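Going in written order, the chains are labelled A, B, C and D, and every chain counts its residues from 1.
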Amino acid sequence: MLAVMKKSTNEEKFQVMVNTPMTKPYKLVSREFKQENTQVTIGDAVFGNGSLPVIAGPCAVESQSQVLSIARSVKDAGAKIFRGGAFKPRTSPYSFQGLGKQGLIFLANIREETGLPVVTEAMDVETFDLVEKYADAVQIGSRNMQNFSLLRRAGKSDRPVILKRGMAATLQEWLMAAEYIMEEGNTNVILCERGIRTFVRHSRNTLDLSVVPAVKKESHLPIIIDPSHAAGVRDQVISLAYASAALGADGMMIEVHNNPEEAMSDGAQSLYPEQFIEVMKKMNAIHAIVGK
Amino acid sequence: MLAVMKKSTNEEKFQVMVNTPMTKPYKLVSREFKQENTQVTIGDAVFGNGSLPVIAGPCAVESQSQVLSIARSVKDAGAKIFRGGAFKPRTSPYSFQGLGKQGLIFLANIREETGLPVVTEAMDVETFDLVEKYADAVQIGSRNMQNFSLLRRAGKSDRPVILKRGMAATLQEWLMAAEYIMEEGNTNVILCERGIRTFVRHSRNTLDLSVVPAVKKESHLPIIIDPSHAAGVRDQVISLAYASAALGADGMMIEVHNNPEEAMSDGAQSLYPEQFIEVMKKMNAIHAIVGK
Amino acid sequence: MLAVMKKSTNEEKFQVMVNTPMTKPYKLVSREFKQENTQVTIGDAVFGNGSLPVIAGPCAVESQSQVLSIARSVKDAGAKIFRGGAFKPRTSPYSFQGLGKQGLIFLANIREETGLPVVTEAMDVETFDLVEKYADAVQIGSRNMQNFSLLRRAGKSDRPVILKRGMAATLQEWLMAAEYIMEEGNTNVILCERGIRTFVRHSRNTLDLSVVPAVKKESHLPIIIDPSHAAGVRDQVISLAYASAALGADGMMIEVHNNPEEAMSDGAQSLYPEQFIEVMKKMNAIHAIVGK
Amino acid sequence: MLAVMKKSTNEEKFQVMVNTPMTKPYKLVSREFKQENTQVTIGDAVFGNGSLPVIAGPCAVESQSQVLSIARSVKDAGAKIFRGGAFKPRTSPYSFQGLGKQGLIFLANIREETGLPVVTEAMDVETFDLVEKYADAVQIGSRNMQNFSLLRRAGKSDRPVILKRGMAATLQEWLMAAEYIMEEGNTNVILCERGIRTFVRHSRNTLDLSVVPAVKKESHLPIIIDPSHAAGVRDQVISLAYASAALGADGMMIEVHNNPEEAMSDGAQSLYPEQFIEVMKKMNAIHAIVGK
């Protein structure tokens, strides 16, 4: 039925839907549909098998030397995947928008030099091909969680997709966004909680840790946590990283910068490399306690 | 300076930014930059000149006869522009996604038959050309408020753009999204408040009417209100329509359906044609009181 | 049954509840229980009969001459009831806490001098007797919406009670708070919407106008709107006052100060007397359109 | 200066305030005013010295045998303080309101039988004397966070006060509420985060863990976490308990019931005694990692 739908035109799809009794708003993402945990593999890292793989790196790729320095640090500290933004969605058109293709090339060089797989964000359908070509996994950002064209394009990719939760997305809307990707055939979806918008002003966003057990109940997909964007300030990031590790999440994404004061974006939330070493040690120790 | 930036690569743009002291996060949208109100014209309607033009029509284009019937009703009631979704962003991939190009053709026929200009949503860069070809004005939806590629594409269009506020967008983020459009050269931007996400459960969203005077203080752009999506239920829509008309907004967007019980989407919030006639009368009478 | 309950001890009350099937969480406040609108009379003003009585005055009573000056202004402009805080709930213990009993005496003098009934807030059970003695109606503030001891005390009063909505209260919680008052025997309850806490930063709170039709559907109690505390800034107050008048609310509460720059609290949101005259005229004209 | 203020009348206090330059909205609670951590002792438990004392027990005291059974369980599992509500603030006047004085007597018997100190909530000034007489520490609930009369009364008590954060309280408002208590002379204040109200629907409230490092930066007061009320469902409570222990909080408050299915309130969020044993073990192991 779903396969048929994918080939149909909008009009036909509508007719199919009208004639199909839907008992739940989502299907492929649901625990009901698939009971065992989905495991998504990127390089050596497996998300969803009870381990706690960590994705680390700077907010934005700024230069080859910058990313190489950080990549070596985070690899030594135990990170399994390198992250860095080449295309940056920014609130202001006048903020640094990322290095684009050049940033992707720098990331590919990181993989070659360090052996770490790299993940970076695709902001639109136009640049998806390019991102897909260079990156081992593709991130879809919070602002694009309901960019349905982008979700469908990601669904046609053979790369794992990290789908960040929208800032005001309910659990159901988030799972539905994942359903868009899966419905196109890509089952390698990792959900990423990164904080929601609330009335609170002492942190940039409010990390919603309850969503982790809630997702695990509703869905078989792995869920990771990004405490960096949630907190927005370094000391809160560290505390939330420990909290996240204790929660039974399937992985972490943490921003690290070799020179946060000079970072082109989000410096205030990036850990220093030496802080990251300490954070990794404690996160792993905590995970060992709560993991099965 | 801005013109130079548009031609520069990302790297160059970044260098320009680094070297440019920015005193405000936005520029082209700001009242400081342009003191007089911007007036945006679509057909006979002028947004921003103190009048209260009303955009009306169904949530989705369902058939030629449906839209024609509704268009005649709303025109008779005084609406200046017809609305109807051809491409529908839907939370679920299994919900009706709109009639696509066929819907656009139906809309173009409405213009021919009734003389009403038509506005419809463009969901992505891929279909923007098509929407632009058929519609008199292009809507960018809440979920796409920070789809920066789409904003830039809209900025290159010669059609007026109606930019809906994101469900969790601050005033500043919304104006920044408009700045993306204007920075590409399109100055015909109309802002549209449609409710924000709060803890409230008695309505779908919470209409933020304070944003109207706040926008008018910060920006020269016209702002209209869509009470239909904010409320989600018909009796609240009517109340909020009157409240909006009393607020000094620059226009309204209201959903009307000739058969709401059978609507393919958002039937519960669509007014019956006879209700719309009454609403138009009272809105105009209220507007006459508060307008200068 | 309810009468019996009021005399019972907690333990007995619990047993009664265990044995009583409750189909709805509230009873006395519900439209289901009482279909016709409740009308609450304070002086010449009737709340709930389709009119739009206005309560006006300063945030805090500061001196006899201050309140007398403002009272004469607002009476001339058409206000039916004078408001002014004698006991002020303040976030900081170091902010002006109100004149206390002396403020109540000043208010009583206002009634004598101008004939306007006066409403003022009771902050606790201890001072309720005093407030009740001097005031024609008693206000329970947002922070005390779930101060159940205070609600029960108000339920034993023969004064009408204006119950402000808590900043994060759902419709159901608010109606339940009113139920506490009614359950003690006082049926003269007026609900007052004054803005909820959201992520928004361009206004102090977000006025939730949808709650008016929602309350009217669920409950027979009158509901009024206080745009002053919701907005927090004068120009937004005026816009929201017009919007509120268009909404079919049963009354308004608006802050007016003869010298806002020198006000001891909330000066920025207080209207100048001449502004209030204009606001009253337009509110009444708008109300005439939407009222039956 | 503050001592003088406490003896002054409202009018005099106002004059003092007018003449006193306030550089910060709070003073006594601030880290600036007192740099070393405040340590609050209740029985054997010390809050603020780097340990993780746990307060456990049922939501409500239901009977002597119930509380005795639970108290023995939680003591064996390592809890340092017993909790149980005798006066229960309930949204509905028809919900179980607690056993009142009889509940306090049951709690006092717990202390005698088990040696555990007991903490219970005081809902109003009227019953504060009674609560103070029987309990080792007094809790002020979320709904009363800005019940200033109650805060002042607690400030005159010689019992430690556990001040829960209001559901929509900012960090500053919460610290100000603590300032009310401290300004009256009681310096034994413990802050308790219990979740804030957001748009989220998969949990009752959203636990705001970022507030822990934020409080520690601004204030010297100890802060504990109540994951039970935040989550509202048992499996989320367990996850959040581990997250909280990893965060560097100064203690925990967790609901445990010997028979949750039959609990008179909040059964769904209460842990079974055997779950609590496991939770205690893992929380202590986690705390050993993150504690200094």
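The criterion applied here is as follows: contacts are C-beta pairs under 8 Å (C-beta built on N, C-alpha and C of every residue); 3 or more make two chains touch, one makes a residue touch a chain.
As the structure is a prediction and not an experimental result, all values here were calculated from the model.
Enquirer: Count the smallest number of chain-to-chain hops linking subunit A with subunit C, moving only between touching chains.
Expert: Contact-graph shortest path, subunit A to subunit C, evaluates to 1.
Enquirer: Which one, A-C, B-C or B-D, has the same contacts as A-D for more than half of its contact pairs?
Expert: More than half of the contact pairs of A-D reappear in B-C.
Enquirer: Could you give the separation in Å between the centres of subunit B and subunit C, each centre being the mean of its C-alpha atoms?
Expert: The computed centroid separation for subunit B versus subunit C comes out at 36 Å.
Enquirer: Which integer distance in Å separates the CA centroid of subunit A from that of subunit B?
Expert: Result: the chain centres lie 31 Å from each other.
Enquirer: Which parts of subunit B, given as residue numbers and ranges, touch two or more other chains?
Expert: Each of 168, 197-199 in subunit B touches at least two other chains.
Enquirer: If each chain is a dot and touching chains are joined, what shape do you get: line, ring, star, complete or other?
Expert: Graph shape here is complete: every pair of chains touches.
Enquirer: Touching residues of subunit D toward subunit A in the complex: what are they?
Expert: Listed in rising order, the residues of subunit D that touch subunit A are 168, 170-171, 196, 198-203, 206-214, 217, 230-231, 235-236, 239-240, 242-248, 282, 285-286, 289-290.
Enquirer: If we count contacts the way the header does, which residues on subunit A are in touch with subunit C in the complex?
Expert: It comes out as residues 197-199.
Enquirer: Which residues of subunit D touch subunit C in the complex?
Expert: Per the touch definition, subunit D meets subunit C at residues 9-11, 13-14, 17, 20, 22, 25-27, 89-100, 102, 123-126, 143-144, 146-150, 166-168, 172-173, 176, 179-180, 183, 197, 264.
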